[in-house]
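The same chain A turns up in both complexes below, where it pairs with chain B and then with chain C.
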Partner chain A sequence: MGNNMLRRSLLHLAPGVAGLAMLPAPSALADRKRLTFSWPSNAGPLHPHLYSPNQMYAHSMLYEPLVRYGEGGQILPALATAWAIEADGRAWRFTLRRDVRFADGTPFDAAAVVANVDAMLGNRARHAWLELVNQIEGAEALDPGTVRLRLAKPYYPTLLELSLPRPLRFASPAALRPDGSLAAPIGTGPWVLAETSRGQHDLFRRNEGYWGEQPALREVLVRVLGDSNARALALETGEIDLIYGTDQVDADTFRRFTADARFTTAISPPIGTRLLALNSARFPTDDLAVRQAIAQAVDRAALVRHILLDTEPAAETLFAETFPYVGLGLRAPAFDGAAAAARLDAAGWRRPAGGRVRMRDGQELALDMCFTGTDALQKAISEAVQGDLSRIGIAVRLVGEDASTYVGRQRSGDFGMIFGDTWGAPYDPHAFMSSMRAPSHADFQAQRGLPMKAEIDRRIGAVLISTEEAQRAAEYRWLLTTLHEQAVYFPVSFLTNKVVHRPALGRVPFGDTRNDIPFAQIGRG
Partner chain B sequence: MRRLLVPLATGLVALMLGAAILAPWIAPHDPTLTNLSQRLLPPAAGHWLGTDHLGRDLLSRLLWGARASLAAVTAILLMVLTLGCTVGMMAGLLGGVVDAVLMRICDAFMTVPTLVLALFMIGALGTGLTNVVIAIALSHWAWYARLVRGVTLSLRSQDYVTAAQVAGLSRLAIMRRHLLPALAGPLAVLASLDLGHWMLHVAGLSFLGLGLAPPAAEWGIMINDARPFFRTAPMLVVLPGTAILLTVVGFNLLGDALRDRLDPTMPDHVH
Partner chain C sequence: MTVLGFALRRLATLLPLLLLVSFGFFAMLRLGRGDPALDYLRLAQIPPTDAALALARQELGLDRTILLQFASWLGGAVQGDLGISWFTHRPVTEEIAHYLPATLQLAGTAMLVTILVGVPLGIWAAMNRDRWPDHLTRVMTFLGVSVPNFWLGFLLVLLFAVTLGWLPAIGRDGLSSILLPALATAAMSASVMLRLVRASVLGVLGEAHLRFARARGLPARTLLGRHIVLNAMVPPLTAIGLHLGELMGGAMVVETVFGWPGLGRYALQAIGNRDYPVLQGFVVVMTAVFVLCNLLVDLIYAWLDPRIRLERAA
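Right after this comes the complex of A and B.
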């Protein structure tokens, strides 16, 4: 309550926002300048350093990084205009952009950066999943326009991880409390949070004092809509103006909009990978032959054509080859049920007379496939995979559960096969691979049974602090080739963002990362 | 009108029972066999009602769905009757503290809405059709216990029961010989009215993904699976929905008819 009041009073004090009320805009125009979007949940309290329930798209609207991630992995200036690494590779100097102010009027300077880094380091355990935070020793202000970031070791993905939507973004030091909590969500970004109504909507207003190019839209209203059917109907009735995201509407609905002349649709380039992880530490997927047979027996092309309706391209590798270091030319084995069956025969898995499920040493070739019960897409893919595998004599038990139980299984390894997407740019490949070393997602458990798991972990650690470009490429090659050969992943498709809107909205570009929705660019020329 | 309704209801229930019992023999296809290239087909010769989003035969799934739904409802019925009769008769015959304690337990179960209670129990027991059955039975037995207790209390003081007691019959024998037959009528009425209600519960919980594991066919699951396609292939929702509707209507009409027959207090009852 107190939090809300302070937030509101701070917003009203902001000179830019106060100026907004005086703009001579007729109400009809003002209405047209509001974009209504929808999201399954509220944006959250929007602490720039914290995670769920804070939504990343909203983090990116309010808060900015020192450097941002551009197309194809290039690093571009944001709040820092220039940067340089010191000779020993263990410190970075950032020249900060001049004349940047937070939405409450506080200047953005070296002291503000240090205050935010200190607040984040005060909560190190919460950020341990991110290697950069483990490497940061501290930040110091050399002068008001220059900041020095000290690291424990040379860490090559430093700039990539500085560009993440969280936690290395900056809140106004005036709003940051000494204990690290936040009085009000105030950043330097092109938007300010004007209003939030739990379960109803969040309203973002243009930050009139923004240092960069002003957004063309005046307001973005984000309505809370959980159900994809409701979202599609809302777009048709004009209650919302835009659908943007990986799974905001199902493939059938997207295709229906594509065929409808009243709407414009678009599909982004790959932004991540839809994966199935196979548990190498658990019967029967601990047998390499079983994993390889699964890789051959599931008809990926049919999944992509008939379930995803070609809204996502088929994936044969862990990461799309457009990501840095991963263009290795690896190819998944072709769909071939007979070859998969022969492979199982050769490995001693035989179909008993009259039986449908193969057996070896008295044990059935049966495994659990786990998914989120409410996710219609995961369920449909699961059932199709189950059908494919039953044809070669593998019994798949489908386990659909609530989201938290499902995530618990990813961490505990209590699965035979389980869904697990990669995180997309700028996390792929390095941050996603870094997290393979701890049981935070399905990857660690899926790989745990591999004979070379210790070496995989060691080499991931090495690649992150390697300073030699060629050595890094060689390490990635070994890692990705090994994971590919061991068949611990079944890549289904490359995730894409799907966009639907009416043509009147103008051009809607794609964000550079998976979680960025470029509201600031919508409606501009 | 009523003359028509009873055969109609009997017909509907018989139809569903027939489908449930005969599904393995009359279903034209394996209800779980996916064939992605045959998805969302309209009704045609090979698939009389068309196919679903994974290319599975809709008619076969409906028939097998009847089996799952009716099996679940039967299991619930047996559990509820067993639990309700046991608790109700114990309370009615023993009276005193036992009665007070048992009835307070009943009160506790009756105060919580049944769906909420069922969801809570599934949360505790885990998902799956068996647990759904247990959860629905445990959230509905209290009304039966109340009814049985009431009937037992009114019968306990009847002369023929007293006579049986004087004759030295054990409590168990009195329950079996004199109380159960008297209870059959009211229980049959209550149960037949509830069958439809339970069927909706099973379908509702399956719709929420808490019941049978996929790819098994069940009407609630079929409706949930069809949600994304209700604009492109509305029959995927309409057919299992109609199956649920007809079955529930059938059971309710039958229950009404049964009540008219057995309940002498009904105003329009004609002897």
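Right after this comes the complex of A and C.
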């Protein structure tokens, strides 16, 4: 009787199951004009002058800068078509592009620029991390098509920092409230935010009144998806069309897609540097010989080949040579365990009889390597470094902790070696180096023990206000060469953006900066 | 009246329980390692300079004692204000109210799957003890309790979404999108339920009243429905309260795997972000949901089984 009941229940379920089987397979690619992408969180309220939870990729879709960052640090026109610096270096004049309107129809003119700069300066403390904001005294409209930006001191990276995704971008003055808040996210960019569904998706629609070349796509739907495995599966089922970013999928999954003929994959040129900072103010990495030995004893090529699976090129310098002022021809010492061991011997670090760890003056050659415990990549690299260094008699204690404690260690200098990334274009090298002067940064802490730290900080300050190109290049040469010789960083690899999609999507170019996803150019040509 | 009194007594214990849980969790968050001000700045993407840290400590009230901080939080909480998320900058109460229905929908569907799978198969296994249906369900339950739900989720997606293309892999768009996450969430509970029902039915099969019923010549259908199943359902019903907690907890991971916009994924993000106000609010709300669900089950239990009602009345 029980079997009969079960049979009847299954018979009732059968039409439902058959109905499910007939559901159309979800595919955004069927509608070629809509691209479906994924991101771990919603785009946020998209105030152009504010930070979290606003997502930078979305800022760049809606809002435009006066000038934009091009390949190799070249400054290109955007909302300004021409610019000139005044003789004393303390003011810039920008000629604004004509016939540009915000998505709500409000004209983009000098008054709109001034309104945005004023709103941003009204919250100046919030932007104190950005040196340009500290230098800006104000903006004034000389005529509807010309705006003048006044600075307290000459500041060479002005144009670079004007190209950042935030905070110097422009919302419609009609949407800016007097208290600086925003009634609606309306910019001049190629996209408008059409719809937000919290926890589910954001829908961007083409700005039909856009002044530049229209995007080929009509809509970009960004689904909220945090898990990288789920993202990879969603690409396979056609529920998303594109994977784009530094860590949207892990190296193993990227390699799997590369081997799959149904997908097109690509790796961008370097967009930043993945590195280890060595603490020069703390035993035993306060000894230059130890830092230099570490630089020789860690097999960088093996890290890149076996852990990063060649999805990032090996890095020998703090910045990739494609960035401005850093093409100096510096090279990391070749991997050579025997030479590293000899260097330690010469510095008085000896293995005791029967011991594995070197000692000097009764102290073990041991250090803490700190990483975020939940970061599988950092953990794998840490373990490989630990193995390499143990071969030359350096003991590495692995300290994997939560992100908060990890950041606390970066701030306080409580580490022997710690992970870090440079910030990428357009922050590298100037803004990243500027931050080396702040005690709250791991770089300051790592460099604190260098005998020439005061000189490094002084020269970083000088380079930022230098108006002479040759002098600036010379200062960068001294700074980067000194840091390289002092072996205070162990560059692991250059970060890259990884792209995966189906060939039907067409060409997917790379953005010029780390946070710029060029949706407007996808599918063109 | 007795049942109402019982319910009111249980509800009265909820308040001190919530107070205890809130304070315990509040203290754990603040006495643990790490610096809440640093977490706040990290989430707001503000470089953690000394000045910014001092300002954040002042803004968040971290310069006061833990008791004062808790009193301040409690003052808001009793008015329904659980604070502002450090990441999204929205009120936590509003966010939880937004995400909770999706999780309840998923946990509710998973509970339905648990019952629809666990009860009939449990009865089937018991009625066919030591024969192939019993062995088959034993293997099924072994797998069900052993396989982690997120891994099962990926396997289900591989089969039904990637290979067969029948169901969506992610999102919350209608009935078809809930089936896979509900199955992944329910696998363990359904397995436990199956074994519990089997054991319970076997227990009833050995009881004297069943022998008398058989001796009275009652038809097999009546025996199964009225005398075996109904009597065997009381212990599994009690377990439903426990399953609810398990299903809500299981949903946390499953929601992330399936991009399900529920409270579990929201809380998991908050754990990763160390978004203290969200974590605090989540724990309080989940405690209340858990206690209320158990209370509801107890009431149904008492309503179903007159013996228990009489014991309580006595």
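What to note about this one:
Quick note on the criterion: the second predicted complex is superposed on the first by the 491 of 525 C-alpha atoms of A that agree within 3 Å, B and C clash if a C-alpha of one lies under 4 Å from a C-alpha of the other, contacts with A are read in each partner's own complex, and residues count from 1 in each chain.
One rule holds for everything that comes next: a residue touches a chain if its C-beta (ideal position, glycine included) is under 8 Å from a C-beta of that chain, and two chains touch if they have at least 3 such contacts.
Note that the structure is a prediction, hence the values are computed from the model and not measured.
Considering which of chain B and chain C touches more of chain A, the answer is C. Contact with chain B, but none with chain C, is seen for A:Asp250 once the two complexes are overlaid on the shared chain.
Look at A:Thr146: by the touch rule set out above, it reaches neither chain B nor chain C. In the superposed model, A:Thr374 lies in contact with both chain B and chain C. After overlaying the two complexes on the shared chain, residue contacts for A:His306 are found with chain B alone; chain C is out of touch.
By the touch criterion stated above, A:Ala438 is placed in contact with chain C alone, chain B being left untouched. Of the two partner chains placed by the overlay, chain B and chain C both lie in contact with A:Asn229.
When both complexes are overlaid on chain A, the residue A:Thr482 reaches neither chain B nor chain C.
In the superposed model, A:Tyr51 makes contact with chain C only, not with chain B. Taken together, the two complexes place residues 229, 374, 401 of chain A in contact with chain B and also with chain C. Residue ranges on chain B touching chain A, taken from their complex, read 32-37, 39, 53-55, 127, 209-210, 213-215, 224-225, 227-232. Looking at the complex, you find that chain C touches chain A at residues 33-35, 38-39, 42-50, 52-53, 87-89, 98-99, 102, 120, 123-124, 127, 154, 157-158, 161-162, 165-172, 176, 179, 220-221, 224, 256-259, 261-262, 265-266, 269, 272, 274. Remark: chain A residues 228-229, 250, 252-253, 256, 299, 302-303, 305-307, 373-374, 376, 379-380, 382-384, 386-388, 397-401 touch chain B in the complex. Those residues of chain A that touch chain C in the complex are listed here as 1-3, 5-6, 9, 20-21, 23, 25-26, 38, 40-41, 44, 51-53, 126, 128-129, 198-200, 223-227, 229-230, 233-234, 236-237, 239, 374, 401-405, 407-408, 411, 435, 438-441.
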